[in-house]
Amino acid sequence: MKQDHLRSLLSQVAQGHMSIDDAVLKLRATPTAELGYATLDMHRELRQGIGEVIYGAGKTPDQIVGIVNAMLASGQSSILITRLSPEAAHHVHKSLPNPDSLPFDYDPLSRIGSVGAIPVPDGRGTIVIATGGTSDMPVAEEAAKTAEFLGNNVTRLYDVGVAGLHRLLSHQHTILSAHVIIAIAGMEGALASVIAGLADCPVIAVPTSVGYGAAFGGLAPLLAMLNSCASGVSVVNIDNGFGAAYQASMINHVK
Amino acid sequence: MKQDHLRSLLSQVAQGHMSIDDAVLKLRATPTAELGYATLDMHRELRQGIGEVIYGAGKTPDQIVGIVNAMLASGQSSILITRLSPEAAHHVHKSLPNPDSLPFDYDPLSRIGSVGAIPVPDGRGTIVIATGGTSDMPVAEEAAKTAEFLGNNVTRLYDVGVAGLHRLLSHQHTILSAHVIIAIAGMEGALASVIAGLADCPVIAVPTSVGYGAAFGGLAPLLAMLNSCASGVSVVNIDNGFGAAYQASMINHVK
Amino acid sequence: MKQDHLRSLLSQVAQGHMSIDDAVLKLRATPTAELGYATLDMHRELRQGIGEVIYGAGKTPDQIVGIVNAMLASGQSSILITRLSPEAAHHVHKSLPNPDSLPFDYDPLSRIGSVGAIPVPDGRGTIVIATGGTSDMPVAEEAAKTAEFLGNNVTRLYDVGVAGLHRLLSHQHTILSAHVIIAIAGMEGALASVIAGLADCPVIAVPTSVGYGAAFGGLAPLLAMLNSCASGVSVVNIDNGFGAAYQASMINHVK
Amino acid sequence: MKQDHLRSLLSQVAQGHMSIDDAVLKLRATPTAELGYATLDMHRELRQGIGEVIYGAGKTPDQIVGIVNAMLASGQSSILITRLSPEAAHHVHKSLPNPDSLPFDYDPLSRIGSVGAIPVPDGRGTIVIATGGTSDMPVAEEAAKTAEFLGNNVTRLYDVGVAGLHRLLSHQHTILSAHVIIAIAGMEGALASVIAGLADCPVIAVPTSVGYGAAFGGLAPLLAMLNSCASGVSVVNIDNGFGAAYQASMINHVK
Amino acid sequence: MKQDHLRSLLSQVAQGHMSIDDAVLKLRATPTAELGYATLDMHRELRQGIGEVIYGAGKTPDQIVGIVNAMLASGQSSILITRLSPEAAHHVHKSLPNPDSLPFDYDPLSRIGSVGAIPVPDGRGTIVIATGGTSDMPVAEEAAKTAEFLGNNVTRLYDVGVAGLHRLLSHQHTILSAHVIIAIAGMEGALASVIAGLADCPVIAVPTSVGYGAAFGGLAPLLAMLNSCASGVSVVNIDNGFGAAYQASMINHVK
Amino acid sequence: MKQDHLRSLLSQVAQGHMSIDDAVLKLRATPTAELGYATLDMHRELRQGIGEVIYGAGKTPDQIVGIVNAMLASGQSSILITRLSPEAAHHVHKSLPNPDSLPFDYDPLSRIGSVGAIPVPDGRGTIVIATGGTSDMPVAEEAAKTAEFLGNNVTRLYDVGVAGLHRLLSHQHTILSAHVIIAIAGMEGALASVIAGLADCPVIAVPTSVGYGAAFGGLAPLLAMLNSCASGVSVVNIDNGFGAAYQASMINHVK
Amino acid sequence: MKQDHLRSLLSQVAQGHMSIDDAVLKLRATPTAELGYATLDMHRELRQGIGEVIYGAGKTPDQIVGIVNAMLASGQSSILITRLSPEAAHHVHKSLPNPDSLPFDYDPLSRIGSVGAIPVPDGRGTIVIATGGTSDMPVAEEAAKTAEFLGNNVTRLYDVGVAGLHRLLSHQHTILSAHVIIAIAGMEGALASVIAGLADCPVIAVPTSVGYGAAFGGLAPLLAMLNSCASGVSVVNIDNGFGAAYQASMINHVK
Amino acid sequence: MKQDHLRSLLSQVAQGHMSIDDAVLKLRATPTAELGYATLDMHRELRQGIGEVIYGAGKTPDQIVGIVNAMLASGQSSILITRLSPEAAHHVHKSLPNPDSLPFDYDPLSRIGSVGAIPVPDGRGTIVIATGGTSDMPVAEEAAKTAEFLGNNVTRLYDVGVAGLHRLLSHQHTILSAHVIIAIAGMEGALASVIAGLADCPVIAVPTSVGYGAAFGGLAPLLAMLNSCASGVSVVNIDNGFGAAYQASMINHVK
């Protein structure tokens, strides 16, 4: 149930078009749906303005399909699924009640799937997503597709790592016109600090597990980003493109 | 040099009230000041809208005084100094050219000092700062005073840790009306996740070094916050109240 | 040899129905059985009230079968096998002297196998098993099946993580009526603290390896749980559903 | 407010001796008290059967005194303060409204302070507290005094580490008659496993920071205890004698 | 070249049976053999009394065969190969110049291969090898077979972990009659401390990677063993059965 | 564009053989090429004297081919590709515009591929590459082939680890005549310290992931090399043979 | 009670010079003495041939004096105290019943104290103690004084670290004539590997906390020593000179 | 003894101006001097061209004075002492045989002391030393003073961290004209990567312990620098300004 629906329902009551009992009935519809293996939060869209997102890792294809169906049944019109394996994506696609009218999109690089239409962007400005290298692209696309699903314009700046500063400096205008920047890098993760020094908007840093040896699966860029000498940087989990985009979208939609 | 000054200067040029040569002269004023031990970034206020902040740790009182004076000489009207020892604060206070007209404020709990007047808040809304316990107050006050210095309204919710949920739930209205929330906690750092589940605005999490044993100086809440199962959370360095407030202010002043 | 058998034997001696020599003979039966690769503890049931449990990981199917047979031969009537691979389960099933009269149960999700009948619950109350997410289910089922094998009533609360508090709060009655709670969570592991703040019984926390990046294979929830700001929480090894259930059963059967 | 008070109040209502309005008034008394630096949970005793405990570390003597006074004012009759420095203890002692009628006890070894009388033990059995060495005594006494404050009989077995097994084996009877055992050890922390192999009751293990070099401040015994090959062991934070005793008391008072 | 050969050569010179030039020629035979990928130390047997051992991991089957052949060509009569894959073992076996007269032995559990005859034991006493569990057997057999190859009597005590102390105590006589003990355990690694407390000879502890979760690949028993509260314990690398046996053999052959 | 080309172009301008406009045109050719997934730095050869190197890990074969072709199109005559899988190597080989005239070389051990001719060595002296063991060869060959590609004479000293010092000491002359030494070792990484004590030129140490147990994927030799008690040692990432050779070549070509 | 005393007592019984009852009485003297804070193991000298050693760290001077007196009262004639602070040493010295006849020795560098006479060496050969640098001396002297107290000849080789190999090589004869070697080093800890490559006797390695930065309090040499590529090395805890000497003495007194 | 002296001595022999016996006598002067607590390497200057340097940490003032005197006695004319406390510096100064003719210099910031004259620079070019911030100055000055002592011209660029890129870019000419660069930074350590991307000479990176929280005493910049995405970077230990300068000087003096 979206906030708009809630307002409309309440104004129907206010104008006498709906009895109080009917309104209570609609509102008392239990906000959680218990599937045995999952407890869905059906009022989240109402509470936070964004529908439930399914974290696909560690769930069987059957469980994912079950959750999708419960959500659709509860009236949610678009669903994002992250870390979705190709097999599970195929499974979800086939299981949709009406795959023709209900678009399903899947990107194997970022392993992002979405059910329903991508909304028209309604944020304040643009989210710039920059990566240090080509190998950071799966994380970057998870961020980009999530941000687009949540109603944002996205500009991609890929492979602009600090070892060749002019690659980054040639995009200074893009950086200065961003409303939020997501800086994604593995190895030494210096990209976040350098971008934050150039920009005047919040920078959300995403360390990636790209690298080897003493990168320790993303620990090196994680620590680097947490210790950024530039102000205006905060950090999300290693490879967490979704989390960065979710917060970036909140900032881009700030009241 | 603030952006307002720049605009005014440029419009003077546009209207013929200032020669191009004079404008160039004013603009070419070198943006860095070299003090031997420090290289000041004098155009930062112009570039990012916020003046240089002095990180007081690891600098001698004399170096801090030298930097403050160079900033004042370059026209900056208010200066924030973090991690300022009481001794250095005393030193700075005495060295101000005119301590009477130029207010100096120092808080020994958060070790924050400020030169010049605190501005009238001009952000979009309120920044809520919540802590898990009483011992997190030094970090929380560093965040609160920084946010106030940067022009924000701040609401403090201290000692509302998750071990007694009703303490937090009784403030649900405050949480829902925030524009940004800074969640500060040591020990297991669960506060960030619980608040992010309740709120619909960005949450910046600050792990603190409060705790003992397997808290490992803040590592436990740091990891917990990075792995938050709630969406909308990003993290700054352990005990980094300043960094959280800086980004929160950016979000609260988003274009 | 169960404690009941011991008591009956001793009372036979007391009443003169058994000679001291016969009793000694029965009691001197060596309490360990050496299989070359394993040294079985045949008196454990007598000493601790619970029969030997086989930890299946790192043992060949042949070794597991050998241990099961030695246990059955020594008179043990029910055997629990944890971390049992499907292949080894098949092997054990086939090798049972009389698979028809001796039930064998295997759950591929939790990899728990059991030989013999599950006892009627005889504990003081209920063990509540709660998980943060769907992906924690294998660990939760290891705990649930172990607890049932050891004679406990179990209530399952799955996918009630702290990102949506009302999911948990709607089960407050269940939590308050528990005798022991096992809180299972990966990622930031905040579930244990929140439940312990609501409950008035011991909480055994199980960190899981669910998560990615800075979860570091369960290190993040492990540290979080060890640093819980709520009182009444203790912790077992990452993914150790069996260990939590074993101790929970001890508490639920406390003298 | 204790559960007994609540029951008596409710029965007064049931018998018509108290009006509903008066009962509501008494019950609606706000369960949290806000002191600015602390948010007290005044209904915890009602909810969990145990009054609020003050964690003294990181609080100023004035803050501790303020919390103690607020608790006394709310009707709590006995208060436990952990990690209380000698200075703060002196401060608390002096500040008590009537130090003569309200006993104050302080133990500098364990840094435990208590206000009010220690209750008569009412648990099911005995809590045995065992340590590996003499140096573990501060943690052990924190556990022992907490357990006594919470109404338990305590038996101390100090310096019975595994390097000389007969020291431990000579106390086998004590171990077998315990209802709960708290095993406290630094260095390699093997005590917990050995005791759990001998006992038939829950063992709560407390790693201590006793040791040097590769003990890494208690990390070595912490990991050892989490990996105990003996069943029935759970673990609390390094040096957390209080936490172990709190849970042990819960087990010893299980319904 | 063995020390015996050296002595006989020198006494031949002393007795005039060999010219100095001939002796020099024999002695100047280059002590290293360069194979491009390996630099063999042909005098090690002379220097240390033990021939070169081949560490098979990270070497191709061809490289191992090349090294074996170079060693045989230099006169070494028996060769131990550790961490030898079944494929490489097959390869070595086939490549031996005369597989019939030159025995080759391979144990797939410990991945130990040996070329040439196992010597008659000539050490001072017995090396006892004890393990905590069945899963430690591959490491234990690497130790046992190495010790036998180096001329020692070996007694195996497998699966005598501390969770059931009587399993270990029933072998107290074996422990007290050992000259060296190798204590092998994963999980919490307490076996080393308990054995060292019972024994009066050196104990070499081998942590194994057996375990899961917070065992962190053997880190938990490694730290525990390094922090043993019992005297007389030293430690080798995780899973390093060979290294423990090599030093144990040195001790058992001490001058 | 190489520095030589730049100088020739500029002297053509100086001598009037090229119009300024033509020169500008040639120089303004954009120094970065955007491929969507990669931003190539086409002027790096001009700036640093060494052409762009492709780090093959984490790139698809198609991406690598795309980058190679863009580089060739921009006039680069030789290209080094590190961490190139055999499949990608095959793909690159087939895609070369004219594989006959443009040599392609691939070494499956070091996973190094190169397009174009290897230059005649033009450094000041010799780079000596020493390894502790045979298993370090893939890293050593990555270093050796990189150094040769960058125009250096290379001397290989493989399997000269410190356990048999005479293996190393017999090469003392080679060590003393080196201009730079790359010391490559896993396990305890002592090779770097011992070589640096013998040599009088810079030593670049490369820890490798060779080893097991407490080697922790190369952490042990990494820490050892960083803490070398010998002066003149610096360290690169674990297994980073390329990085060591790149810097060694810089030193060997120092102005 | 020493083994000699036991044998003499038993032979008195065998020869009829002592009644069985008297012998039982002497033997039944309780082997542990409970001091409240310590449980002394009075039969350890009988069991292991070496009297109880007092680990002074974490014990109050009064506790140490109490233990010393209990030991003297039980007939032990010489006592070693490690990690003894100067204050506690003074306290022990003063408390001795007869300081004149009972020698007390204290070395402030190694913090070793001993009560009673140092025995005449009775080991098989010499223990060589080598250090990498001057700063390792406190640990080395703890080892040397312990070894001497336990009846061993000790040869000291200090400051022979691997950065200047000839310092070590000039002592090759001493190394080759040792029966056991204790190799003590901080920083990269390479000394153990190099010595083990030269020697033909067991090497016990002691990492020290000497160093800074990435030495991480001794972690770097600890890992290096555990991963020694030379055979015959085992390791004790960081800075544990006592533990190394204790095992070295066992080896030097092997049956 | 310097190499020049050696050559002159040998040519005297060649020309018959010195008898072979006299030369042997001079050359056989023992290259190590044993002071009990230290083994000096007197031929290091001959072997490596640089005299012994004294690492002052962990040595008593008396030991340092003893080493200085032994060096002067052996003919060394200038001595560098790192990590020298003010007290020890005072002690050394007073102990010099002739403080007037033998200059002694001490810098309390970097804790570097030197005996004898600083040589005229004779390297190939300039060593540039850059720091991220003012707090890195002690490490930077240790590097700068060491480099000057070893005969190098040094250019200092302090406080040019990446948060304000133009501070660094304004020094691009200095960076491009360097022969070696030492990049010193704490926090996220990004300076090394950015400089290496701009420069065409070797960059030696020094992580510093400047920072707090997740900087973990320099671990964050250490990992970042090891994972630099820019080529040409190698790393020394945390805070090891001396080590960086020593290698930089070797590079700057390359044959």
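First chain written, first letter: the chains are A, B, C, D, E, F, G and H, and each begins at residue 1.
Just so we're on the same page, contacts are C-beta pairs under 8 Å (C-beta built on N, C-alpha and C of every residue); 3 or more make two chains touch, one makes a residue touch a chain.
Fair warning: this is a prediction, and the values are worked out from it, not measured in the lab.
Engineer: Have a look at F-G, B-C or F-H and name the one that copies the A-B interface, over half of its contact pairs being the same.
Structural biologist: The chain pair with the recurring interface is F-H.
Engineer: Quick one: which chain's Cα centre is the longest way from chain G's?
Structural biologist: A
Engineer: Rounded to the nearest whole Å, what is the centre-to-centre distance of chain G and chain H, using the mean of the C-alpha atoms as each centre?
Structural biologist: It comes to 39 Å between the two C-alpha centres.
Engineer: Where the CA atoms of chain E average out and where those of chain G average out, how many Å apart are those spots?
Structural biologist: 27
Engineer: Could you tell me the distance, in whole angstrom, between the mean C-alpha positions of chain A and chain H?
Structural biologist: 51
Engineer: So how far apart, in whole Å, are chain A and chain G when each is placed at the average of its C-alpha atoms?
Structural biologist: For chain A versus chain G, the centre distance works out to 61 Å.
Engineer: If a residue has to touch 2 or more other chains to count, which residues of chain B qualify?
Structural biologist: 133, 164, 213-215, 219, 222, 226-227, 231, 237-238
Engineer: Could you list each pair of chains that touch one another?
Structural biologist: A-B, A-C, A-F, A-H, B-C, B-D, B-H, C-D, C-E, D-E, D-G, E-F, E-G, F-G, F-H, G-H
Engineer: So in the complex, which bits of chain C are touching chain A?
Structural biologist: Touch list, chain C to chain A: 133-135, 137, 158-160, 164, 166-167, 170, 210, 212-215.
Engineer: Can you name the residues of chain G that touch chain E in the complex?
Structural biologist: 47-50, 53, 124-125, 179-180, 199-202, 204, 222, 226-227, 231-238, 242-244, 246-247, 250-252, 254-255
Engineer: Touching chain C in the complex: which residues of chain B?
Structural biologist: Residue positions touching the partner: 132-133, 161-165, 169, 186-190, 193-194, 196-198, 211, 213-216, 219-221, 223-231.
Engineer: List the residues on chain H that touch chain G in their complex, please.
Structural biologist: That would be residues 31-32, 36-39, 41, 43-44, 55, 57-59, 63, 207, 209, 217-219, 222, 237-240 of chain H.
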